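Letters A, B, C and D mark the chains as written, and numbering starts fresh at 1 in each.
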Amino acid sequence: MEQMNTAPDMSVSLGPLVLTNPVMTASGTFGYAEEFVSLVPLHELGGVVVKGISVAPRAGNPPPRVVETPCGMLNAIGLENVGVDRFISEKMPFLRTCECRVIVNILGDFIEEYAELAARLTDIPGVDGLEINISCPNVKKGGVAFGTVPEMAAAVTRAVRESTHLPVIVKLSPNVTDIVTMAKVVEDNGAHAISLINTLIGMAIDVRTRRPKLGNIIGGLSGPAIKPVALRMVWQVASAVRVPVIGIGGIGTAEDAVEFLLAGATAVQVGTANFYNPSAVCEILTGIQKYLLEQGEQSVQSIIGTLRLEG
Amino acid sequence: MSEFQEKSRVVAVEQLADTFYRLTLSAPQIASSSQPGQFVMAACGPYLDPLLRRPFSVHRRCDTHSIQLLFRVVGRGTELLAAKRPGDVLHLIGPLGRGFDIDDADRVCLVGGGIGIAPLLFLAEELRLSQRTCTVLLGSRTAGELHQLTVEFNALGCEVEVATDDGSAGYHGLVADLLGPCLTGVKRCYACGPTPMMARTAQLCLAGRIPCQVSLEAHMACGLGACLGCTVHGTADRYLHICRQGPVLNAEEVAWNR
Amino acid sequence: MEQMNTAPDMSVSLGPLVLTNPVMTASGTFGYAEEFVSLVPLHELGGVVVKGISVAPRAGNPPPRVVETPCGMLNAIGLENVGVDRFISEKMPFLRTCECRVIVNILGDFIEEYAELAARLTDIPGVDGLEINISCPNVKKGGVAFGTVPEMAAAVTRAVRESTHLPVIVKLSPNVTDIVTMAKVVEDNGAHAISLINTLIGMAIDVRTRRPKLGNIIGGLSGPAIKPVALRMVWQVASAVRVPVIGIGGIGTAEDAVEFLLAGATAVQVGTANFYNPSAVCEILTGIQKYLLEQGEQSVQSIIGTLRLEG
Amino acid sequence: MSEFQEKSRVVAVEQLADTFYRLTLSAPQIASSSQPGQFVMAACGPYLDPLLRRPFSVHRRCDTHSIQLLFRVVGRGTELLAAKRPGDVLHLIGPLGRGFDIDDADRVCLVGGGIGIAPLLFLAEELRLSQRTCTVLLGSRTAGELHQLTVEFNALGCEVEVATDDGSAGYHGLVADLLGPCLTGVKRCYACGPTPMMARTAQLCLAGRIPCQVSLEAHMACGLGACLGCTVHGTADRYLHICRQGPVLNAEEVAWNR
């Protein structure tokens, strides 16, 4: 009984990367952290994954860029970002003060750009790891997303690993027939951890004007609506690879997060929930601790992958 | 910039017209730090549909602990707000964004169209506190939507002119048509309403070399500058994010033709 | 003005199959129609797609079989059905009285079963068409779903076409990287029409018991949550094939249905909405008519595929 | 079987205990055709979350135009129901399913555990209309949940015995423990409550060769027999669909050990 009242051990390891707790924020949903400084105690986070960064700054897509859907939202931001130089000079100084792990999400149109980003970010103080967004179109291969073709995902992963000694997380796209094959391929090519899922591709139409509701016509679906798909993919992947898996997709409560941990995720990322409830990350953190106490568990590690399938 | 996540309590619900409602909310942190033109993000539903918070201008700061929102019922979020009753809880984040600049202009004109009138009452209150001469031009579909608001602007000592689409009150036509004659002597103009109305106001002010500020709208997911969703076309071929660089912008920053 | 007050023409054709209006009910969500007889004026429906039928009766999966998710539900019914014989003897008599088109959804573990079902149903009075559910696992190919491998989808489509002179609709699974390839393959192999989407594969976990919430562990996600994905796929497919497309996925209101029509669907099927609002089909029918009048359109055909992408 | 989709209106909301609520609803079509043991599907939320209707037994038929639901707040749907106020609308479909069989047994026993008590009041009313001798055994967590219900069963002329988990009223323990001694002379038994309670009741009745009916629960999407979701394991190795073949089943139809 005494043991059960002591706070459970919340630390987890993503390969070489150790986190004080498994609750991170997802790329593109938490800006560069500074946007949340007055609402969220940033030092309590297990990690912040910053908005995707490219070699050159990007202006992004024409408006409208976001639209609500049932229990979800579509976004077509178009990977707007300040570019790696300004990221390092303008955003990293604040991020270094956060006292939490900083993962930089990187993206490009060519494999060479991913490698360049990895090299540029390697020795920047405060950068704790990289997350490769492979949902981007490969310009050389006619715009097919890196994340939908195993060979291309393999090549990006390898190129990044060869360009940095930082921990490398590969973030998978869910818009594939066989997520397990994608996961195995990036594992075999050196990913230290795998995060999933990125957004599902979706669309919405304004019936009055007969136009798409997004300037870009199609966009990425996120939020609670996609949670069942994300959880299924995380379970499938975690059952098939040896590297740690990070669960993403519709997580908004501690119960959601625990579902992903039980399914085999070592950590989770909170995305869209930061928009509708900036307290979500803190509530999730406290809620996981409460759950562990209720279940008589001493550490978060001890529940990872403990989904019961027998009888 | 400092914003608060606050659990406000509904103090009063008024129906000003068919689809116009006004909520009075007890929200001390937000009330004590709001500037005219700033907005709040309100969590309208009980669960996950509607999912995202909805942005509403601070319509009035009643005192240091309560604010008002004025809104038109257009969809599910605003339907839920209209069904609130005193004592209900409403989760808010605010105050957000950049509000109206108040400088030493002693004679100003406020142009509001439809629900775009919402932030102007707060603005007029602030301006009248320092005795500025305020002409207020209000446009709407029909007289009923303007009645109570006209009374309130008048009570502040503003000179109010009215235009309605159906001619049921004041000028029969667009509020922007009233602006030309009023601009003489005006040192600064503030506008909020439908885009064509603001574009017209901006144009007239530009012609008269009168500084003009407008309050814009865009679909917002976060209101915090994080999602990068709330874009409008700016001049200089760049995108502006309404929730941080706005919602109030100088008229010349906006690419009105896009 | 006079024209605009006359009721718009609501009829549509799915290849050889003419419907009085484009609003049908989706397989597995409307039983054998008799379940709704006191709630829905069945003769007003454009068509009823009955619960999937197999050669032999199936008992289905162990409970729990359904669970709610944000704006959606997961089901793992396990294709429970009475089998083709009892379907013909017990269910068709009522369906013949409905005065609406009856489409029989068929499924099997082997290609031969699909062919057999098609042959059996061909001369049954009252059967107006077949819909092939290719989301089922192919037992010969180690349980990979027919609907995820182009060659297998092609073979099933061909086999069914060769076994019947009834109109054949092929219903696509959304759990693929490239829905357009799947659509083209079934078109090339003789599908008269293509319906999509079937459910996305998802999962949910009960954190208290640490067990899956479904007896079958994973299940199919349906309802408003999936609408953006369905609409995107329907738009992609309708832009790429010549045969008519039937839009399915999260349709619950006339506005939803019109989105699919604008995206290029010739008809729609209403699924999960029948559960939470049995009046949905009628509301959708009336709502489409109202929309056509408001838009000054004389027929539903004239709005199909009129999504505006320019400027 | 004929069911109605009815827009009912809330007449009254009572809080019987901490998490026990009772709604009185004006729903003439459903009220005039319900049998004890049947249920309704209620659309609890304003929009799409919660999405599915929730099943609730008809707790009482007040008169030919209104019914009552008794429910425990366990999640979002029941939270929304508990927040209803008189005049609010609640969309219902019903009456659904197979209710309790009432035969000529002149001495019957009703066993209710927790919220499973809900359908038994309606059943007792019907049984008492034809003067059957009714023993009612009620079990619950704590006294507060049973107080009002006990009064009402008593008012009907039933003999009531009570058991509570915390010993705050009646027998300190399981309601099924009270059953054995009561069964003498009983011609028929009806039970609704947690599965172990019903299994125990079924077992005792089987031993005493007393016909026993139970009311089961399963997750339901439609309540109409269409989704095939509401399965329980039946004897004879087949699945039963609770919404059409039940919710009331003969105890021997159910595979209690699954």
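Just so it is clear, a residue touches a chain if its C-beta (ideal position, glycine included) is under 8 Å from a C-beta of that chain, and two chains touch if they have at least 3 such contacts.
Note that this is a predicted model, so its numbers are computed, not measured.
Undergrad: By that same contact rule, can you tell me which chains touch subunit B and subunit C alike?
TA: A, D
Undergrad: Report back the single chain whose CA centre is most distant from the CA centre of subunit C.
TA: Relative to subunit C, the chain whose C-alpha centre sits farthest away is B.
Undergrad: Between subunit A and subunit C, tell me the centre distance in angstrom, where each centre is the average of that chain's C-alpha atoms.
TA: 34
Undergrad: Counting only Cα atoms for the centres, state how far subunit A is from subunit B in Å.
TA: Going by mean C-alpha positions, subunit A sits 36 Å from subunit B.
Undergrad: With chain centres taken as the means of their Cα atoms, state the distance from subunit B to subunit D in Å.
TA: 53
Undergrad: Tell me, which residues of subunit D touch at least two other chains?
TA: Only 48-50 qualify.
Undergrad: Mark out which residues of subunit C touch at least two other chains, giving numbers and ranges.
TA: 70-72, 223-224 - these are the residues of subunit C that touch more than one other chain.
Undergrad: Can the chain contact pattern be summarised as a line, a ring, a star, a complete graph, or none of these (other)?
TA: Topology of touching chains reads as complete, every chain touching all others.
Undergrad: Considering only the defined contacts, which subunit A positions touch subunit B in the complex?
TA: 28-31, 35-36, 38-39, 51, 59-60, 62-68, 70-73, 75, 77, 80, 223-224, 252, 272, 274-279
Undergrad: Flag every residue of subunit B that touches subunit D in the complex, lowest number first.
TA: Those in contact with subunit D are residues 45-50, 76, 79-80.
Undergrad: Sort out for me which residues of subunit A touch subunit D in the complex.
TA: 70-71
Undergrad: If we count contacts the way the header does, which residues on subunit B are in touch with subunit A in the complex?
TA: 1-5, 43, 48-53, 93, 218-222, 224-233, 238-239
Undergrad: Touching subunit C in the complex: which residues of subunit B?
TA: That would be residues 48-49 of subunit B.
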